[in-house]
Amino acid sequence: MQSLLARLLCAAVLSCGTARAAEVSVAVAANFTAPMQKIAAEFERDTGHKAQLAFGATGKFYAQIRNGAPFEVFLSADDTTPAKLEEEGTVVAGSRFTYAIGKLALWSAQPGVVDDKGEVLRRGAFAHLAVANPKTAPYGVAALEVLRKLGVADALAAKLVTGENIAQTHQFVASGNAELGFVALSQVWSDGRLTGGSAWRVPAELHAPLRQDAVILAKGRDKPAARALADYLRGAKAAAIIKSYGYGQ
Amino acid sequence: MMSAADFAAIRLTLELAAVTTAILLVIGTPVAWWLARTRSAWKGAVGAVVALPLVLPPTVIGFYLLVMMGPHGPVGQLTQALGLGLLPFSFAGLVVGSVFYSLPFVVQPLQQAFEAIGERPLEVAATLRAGALDTFFSVVLPLARPGFVTAAVLGFAHTVGEFGVVLMIGGNIPEKTRVVSVQIYDHVEALEYAQAHWLSAGMVAFSFLVLFLLHSRKRGGAR
Amino acid sequence: MSSAAAEPLPGAGIEACFRLAWPGFALDAALQLPGRGVSALFGHSGSGKTTLLRCLAGLERATDGYLAVRGEVWQDDARAVFVPTHRRPLGYVFQEASLFPHLSVRRNLEFGLRRVAAAERRVSLDHAIALLGIEPLLERMPERLSGGERQRVAIARALATSPRLLLMDEPLAALDAQRKAEILPYLERLHGELDIPVVYVSHAPEEVARLADHVVLLRDGRVLASGAIDEVMPRLDLPFAHDEEAFVVVDAQVAGRDERFALTRLEFGGLPLWITGLEAPLGAQVRARVLARDVSLALAERHDSSILNVLPARVVSLDDASPGRTLVRLDVAGRALLARITTRSAVQMGIAPGMSLFAQVKGVALLR
């Protein structure tokens, strides 16, 4: 009886131990939510490792990682934040790589509002244009850059509403409260086409490239699953998924 | 130190809290009165709706307000039909959101104050020729005055401390919808910790002061 | 014997009929009260006296009710008439004084007064203040008053509205004996000085005996009896007469005094009734109380005992109240007296209705 109990306890402890070893905790930039969920599912099927995903603003993740958040892999919305973390020594040296290049889209939930040249911005016949907060979100910086290049930044300044991150920006537009807004193409693009409304795929030359870098964080140093995920993100299967959401690579 | 944008956020926050509190006292008083006096079967349901903001995450309130006040939502269609336009991303929209969000903080102290008065003073007033409205102003209001002070202070303070709802429906527009709590969040996100500290410490001091005054008042009132 | 003779004419008094059903309690009361003097609603707790009073005030809404006060209809559900409380010219004194705590005594007094049209004011504020002796309290806040003072202010506050009907719900019940004694004289002054009918709820026979002219006896939400106090109290079919402290009241006039022996001679129905003390002024109308246990019976007029008052009486009826005791109702010069004697004495003396004998009254107390 006693030995049976001991064996059961032993088994429980062991199974817990192995399960933890096969899990990887990942902080994911909000714009990469949809593709990452697909990739994580494939990753688990192919390798048996489970990816625990947390989505949010890159700036917030930065503050949390610096203050000891238990993430092992970080998929940033930009390339500067991972670089900063690398300088500060909170990442595994040499683990940084670009997993996707973000594409900006001017999008409206209504069909026919946004033309395929972005002329709607010059006409200015709308009350609110949603952008991500340029102070904290790379997509917000890119959106303002586009407005400046088009010469409409000043004219539209009063119409800007700012989402905390690209996900909230999308929400403002999706709910119709803002007629249009700059969102990540990945949010409105799936399987090679627009999922709804009308959009202008902003040409890459109108803003600095939205290079999105990933790093393995210090806490993932000795975790095989973290390394496996990083490798998987660079593989062919992940690349196809990433491309289908409109990202470049 | 604090920037002009910080001061603008503080001014906006105080304006929002003042307007919200004033509106809440006007609409909260009859609601609280009804809740305190009714024997209707609806009392439970109305009381629960009033208390909802106490338990709901502000994001839920903000999300639904955004949808309801949006162009396809019932409130949005109403405001458009009335020629008022849409409420999100406007000061008026924040006021509407704050009124709902802070409703229980005003209604519940008032309701408790009204309930504490009881039936007797109203009956006495009736036997002294005072009609219902007369009684309300000459007896109920003076007797419930501590409840009104508590309600106003809590409503004001809670609106000042509001964040999630404003973030969801405000759109972070300087001098229109960027209140102190959002400004602090932006500072933290942008790693401007010094400015975040100034505003945050101010909020802590303000909240402490409010609660301290409220509590010392209560102790003084009990005698 | 029947109380019908004492009923006031409709229109001059108060006519009321209320029906009301709550879980565990039902009120079904029809009554006529005189348009002047004090009517007491008497009964145990739960008998419905306070509910009845609240119905009179309109504070409780009887489903099937009728109420007319001195010819004015305040409620007639058959014709969908219901005058709300604040439109009824009444005064109401609650069991606890219920002064407004945020107003000074003066402001409490003025609260009702200011809401009465000048033309309707018949009791001046000064008069109400003087009647209740609250002049020195005017600037105080209610929390600084004693229980008795508060109740006096509450009564004055009700009077200051010049009510055409004064309703009092056990105004003395919350007070100790000393405070009661402090207020009772004021209540008696009301009675004497103001022509306002009063309906007074009480469960204390003492109070009723002192104040009431008319008594309504309630039990389980129904009217058991209603009539003038000197008719209702001696009725052998009602619980009053069977109380250990059963008594009757005798309204009489002060007719003379014997200074040497400090005795006062009252007169009622041409008969003398001696009481000790010389407090009552000559010619005054007074009310005396005679306990049933203080009255004994004799077949012949005897002058060989210490008993001062021996009155010729006629036996009206008998009742074997409890084992060994018999209650005898007597007619003395048209007034009713009760005598409680042992059943053996009653049998040995052969006491029967119609018999003439003598009542020996051992003690008489002056009520007012």
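Residue numbering begins at 1 within each chain, and the chains themselves are lettered A, B and C in the order written.
The rule we apply is simple: a residue touches a chain if its C-beta (ideal position, glycine included) is under 8 Å from a C-beta of that chain, and two chains touch if they have at least 3 such contacts.
These figures come from a predicted structure and were not determined experimentally.
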item	value
Set of chains whose contacts include both chain C and chain B	none
Identifier of the chain whose CA centre is least distant from the whole-structure CA centre	B
Farthest chain relative to chain C (centres taken as mean CA coordinates)	A
Centroid distance [mean C-alpha coordinates] between chain C and chain B, Å	56
Between chain B and chain A, distance of the C-alpha-averaged centres to the nearest whole Å	36
Between chain A and chain C, centroid-to-centroid distance (C-alpha), Å	89
Touching two or more other chains - residue numbers and ranges from chain A	none
Two or more partner chains touched - positions in chain C	none
In the complex, chain B residues that touch chain A	63, 66-67, 69-72, 76, 85-86, 88-89, 167-169, 171-173, 185-186, 188-191
Parts of chain B lying in touch with chain C, wherever the complex brings them together	120-121, 123-131, 134-135, 138-139, 142-143
Chain C - residues contacting chain B, complex	57-59, 84-87, 90-92, 94, 96, 98, 100-102, 111-112, 115-116, 157-158, 161, 167
Chain A residues touching chain B - in the complex, by the definition given at the top	57, 59-60, 62-63, 127-128, 130, 133, 135-136, 160-164, 168, 171-172, 175-178
